[in-house]
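Two complexes are shown next, each including chain A; its partner changes from chain B in the first to chain C in the second.
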Partner chain A sequence: MSARKLGRLVGRILLLVAAFSAVFPVFWTLLNAFKNRVDIVTPTPLFIFTPTLDNFAYVLGRESVFAGLINSLIISGASVLIGALLGLPAAYAIARYPNRWSRDVQFFVLSLRFLPPVAIAIPLMVIWLDFGLYDTRLSMIVTYTLLTLATVIWLSVPAFARVPKEVEEAARVDGYGPYAIFFLIALPIALRSLIGAVAFAFVLVWNEFLIALMLTTSDAKTLPIVASELTQLGRDVPWGILNASVVLLSIPPLLFIGVLSGMLNSAFKRKTS
Partner chain B sequence: MANIVCSNVDKQYGAVSVIADFNLDVADHEFIVFLGPSGCGKSTLLRMIAGLEDISGGKVAIGGRTVNDLPPRDRGVAMVFQNYALYPHMTIYDNIAFGLKRMKVPKPEIEQRIRAVAATLGLDPYLGRKPTELSGGQQQRVAIARAMIKTPRVFLFDEPLSNLDAKLRNHMRVEIARLHQKLKTTTIYVTHDQLEAMTLADRIVLMKGGAIEQVGTPAEIYDRPRTLFVAGFIGTPNMNFIDVTTEKVDGGWSLRGAGCNIHAAGTRFALTPGQKVVLGFRPADLEIATSADDQANVVAGVADLVEFHGNDALVTFLFAGKEIGALVKASACPKPGDQVAFTIGEESLHLFDQSNGLSLLKA
Partner chain C sequence: MKQKNSLPAIFLTPAMMILAVLALVPTVYAIYISLQNRELSRPDGDFVGLANYIDLFSDRRFINAIGVSLTWEAVTVGMTLIVAVGLGILLFECASPRMRNILALLFLMPVILPRVSAAFVWKFAFHPLYGIATYPYKAITGQPLDLLSNPATALATVALVDVWQWGLFFSVIVLKLLQTLPPQPFEAARLDHARTWETYTHIAIPMLKAPLISLAFVKMIESLRAFDLIYVMTRGGPGITTETLDMYAFSQGFIESGRISYASSMAVLMMIATSIVFTFIWKRVQ
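And now, the complex of A and B:
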């Protein structure tokens, strides 16, 4: 066997190991979500078993889970929406109309994310308590908007900067003003990268745990908090329920990204056909 | 249709002056070419006329109306960009229609105008496609269609052919020339390609370092270059230059340099004795010397390099310490190492003042 073939084989094996270590836990979680407790705690891993929907039924049957889902959807959705509505025009302005403030603006926005969440969670908690908004969706939306705004702006500036300047100038000569150029030219051309930025922002706040833990106690609890509480059900760890809640928790972001990339595909299909 | 008047136009970026005191009158229907090396300010000037760049000082008027503070859309201009600048997310049809939509032209009329323009430029089969599905030449034709359809008062071209390969460039050049013949729209065309400039222009504006070197018809610029820079920039192969000193002799002037002594009547030039001048002559103006010629006026040397051009060949040899090029018929072409000798006709001499590079031709 030549050295090159051997190298390729080793490379493949490494890749397989890496892929396995990434995919198998997800697969195992999915499998365990459909198992009875007995099948999970057995010392020999079981691949063939009688599936049950009890875990899902239990998770979905709990009012706290449903409330958490609604909270998560509203809080993540609203903060991403506001982050995109404010962040995309801001990013475009920074990319296309730079002035002496734009660097500072960019830095300030990033600085919102400098401190570890635990360090900003406590002051935020005090602020919201003082306003009487502690443990409300509104306070969570405002807090999360700081996160989504920073992410959207930082990921969108390069996306807008990549839009060829001449194309925008051609639109100017064609008679369009800056706002029309933003909506009709820059936004559609940069769409692909922008959707990535927005999706990333969504996943970030959807999975956010620490700030939510500090800023909510009951009314505005998000799904990750509710899911974590499921471990405190008793002395025995309810593995099946945990796995089922993890699976349920992963579905919305997957759907969100799926819908977005579907939109992308349809938007760009005509180009390649 | 409209004329364009630039008076005392300046452009500064901060403290850096890019264009200083630029003056030009472009007549209605005229095809003007801004020609010059990279960074000479020709594109900046075009963009200032288009309204894409602020005018730091002076005045630009289109059709008798000062446009300094007008946005591009109110200037009645259409522009074709070097990299086409088509809207990548729109079909060719929408690309061409985009400007008309802004002008609130009714849909049936847009349709009808696009059909007409597409027929002129041979774009009919592509109207439903996206720009990336088209070749460079087709894309540039779309860009021209997009400019044409607005029936602008002024066409602005910013190096429109420099992204195309040589063959396509020739083809598109002819198309642009035809288009101008048909539409007669006042046109300003920026290029660094002298062939484009020579073939397309009614008048060439030759620029260097943000200032005009010479304005004139292609023939004027070729035959009577006003400065050393113009003489060196225009013409392929390049003009030959030799540094000489003038000396008054019987029946004219002697132009003496290291290893060279050319005799000239010099009546066309304003010369003073002992003046340091640059003698210029084009490779195509050299003629193979015969024994009957005045040996004093012969430029001779050992052929060093022979480049075959098809009909002609360019012979390079060392004379008076300079590399001299001579264009000869390919059939009479010497081999490297051969002794070659050429004469220069009095009428094809160019003389420039060494101190300021200005032509010494009498006005």
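And now, the complex of A and C:
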């Protein structure tokens, strides 16, 4: 009996260690973002210091960071919007009107994820150069639509499949047409999971790095690229500014943590019943 | 009876057309470029047939990159699953429902972070002089610890960040999977005085074999996207010890020589290899 209790205690300690490892590095980065350089470059880590807002002021005042932020918002926003507008109906059609190609269509959508990003980015760079669209927001939006569209479809098919068929059947008996059923019945019922799918697509393109690195050089640079350039600065590194820019980059995705964890919950809850 | 209606065609066609164009055009173009000798500085190239591909096989850096990529896949997929199953069981076994919810949220955080952020957070934590993770070592031994510049530890250190992101996330999924299992087999085993770990190795994990294999599959695909972490943390160094295939293709195509055709032939080989392997695994999993 006591062995079991001891085991439980050890297990809990391990869990706390894991939780600590999940949170602390991020917390430490946040703390450093509020430090002056002298408080970061110390032989022993400092927990108590006079906080400063200089780093954030500097980062937000820098033109490159601000431009990157705007580019990221426009490119991610537009590609997610297009992905959702086209992807949600497509997912519904796959979930509700299965035919002999449905499996192949689903596999095709998934297989896009197998493509190494490098393999897409190199030819796209040449293509956009030839079109004169290299390093523009438009070319980035089109490229990212490939990612958002595939992701939205992939995650929304199960969400639509979980809508009870009886509800849609009842609506049909009441004289609803197929389009009315989609817009007035299926979409509202599946809404929570669908928001999760769209949020996931947003986080994916917001965080995307390799393609943006290859397809932009100045005008359309997204925030991850700008932040990574800051981290490559030479010896006399402005650590506080770096930490602040990383914090700035990480805030939007972390805002969606609740939505994404909700999506995870509903994906598994329904499976049991 | 299903009457004919226009919805499937109207809903599906635009999305599929766009996906097909956006996926096929670059793919075909990648093959087309790989048969030429184009360089960034010289937009027009001549057809050289399979010369790029033949060169690849005598390129020792390419062979090295294959080895690094395969090691990376094996280490990150294996470690992620071990961490996920271990922590998932602990969450299921030792945590109260409230604690589970809080921990699940915390464990989700690393994977949602942009990889560039995660890479920087840890790059700074491993900084030999000011890093918080290397500080205990420095305090005890008085020596700085430089894991990222040491050829023996660099790849493992970057892999640690990947496992930090994915292992914690997958442990939450393992927890949810365990919660979907029926309780009867566990109770029966408990009545037979099975030890706790035996109920997992003999009952729970075999019952979850299929979803765990799917998780491994997802992780294999995601591990192909190692570039961001490696680019920010080591740039393929020290030397070429952490240079994966995508890192090498990138430096051939962009940084060093701008040999897009050569880089493209590498990308085509990667595309073929991953498509074959993953299609094969996918058909087996289904």
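Simple rule for what comes next: the second predicted complex is superposed on the first by the 249 of 273 C-alpha atoms of A that agree within 3 Å, B and C clash if a C-alpha of one lies under 4 Å from a C-alpha of the other, contacts with A are read in each partner's own complex, and residues count from 1 in each chain.
One rule holds for everything that comes next: a residue touches a chain if its C-beta (ideal position, glycine included) is under 8 Å from a C-beta of that chain, and two chains touch if they have at least 3 such contacts.
Bear in mind the structure is a predicted one, so any value in this text is a computation, not a measurement.
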Now for A:173: first (chain B), second (chain C), both, or neither, which partner does it touch? first
Counting only touches as set out at the top, which of chain B and chain C does A:50 meet: first, second, both, neither? neither
Report for A:2: first if it touches chain B alone, second if chain C alone, otherwise both or neither. neither
Touching A:185 in the superposition: chain B (first), chain C (second), both, neither? first
Most chain A residues touched (candidates chain B, chain C): C
Would you please give the residues of chain A that touch chain B in one complex and also touch chain C in the other complex? 177, 271
Of all residues in chain A, which touch chain B in the complex? 164, 166-167, 169-177, 180, 185, 188-189, 191, 270-271
Show me the residue ranges of chain C that touch chain A in the complex, using the header's touch definition. 5, 7-8, 10-12, 14-16, 18-19, 22-23, 25-27, 29-30, 32-33, 38, 43, 87, 90-91, 93-95, 99, 103-110, 112-117, 120-125, 129-130, 132-133, 135, 139, 164, 168, 171-173, 176-177, 179-180, 196, 221, 224-225, 227-228, 231-232, 245-246, 249-250, 253-254, 260, 263-264, 266-268, 270-271, 274-275, 278-279, 282
For chain A, which residues are in contact with chain C within the complex? 4, 7-8, 11-12, 14-15, 18-19, 21-26, 28-29, 32, 40-42, 44-45, 86-87, 89-90, 92-94, 97, 99, 105, 107-120, 122-127, 129, 142-143, 145-146, 149-150, 153, 177-179, 182, 203, 206-207, 209-210, 213-214, 224, 227-228, 231, 239, 242-243, 246, 249-250, 253-254, 256-258, 260-261, 264-265, 268, 271-272
List the residues on chain B that touch chain A in their complex, please. 50-52, 71-73, 77-79, 81-83, 85-89, 91, 98-99, 102-103, 130, 132-133, 143, 146, 150
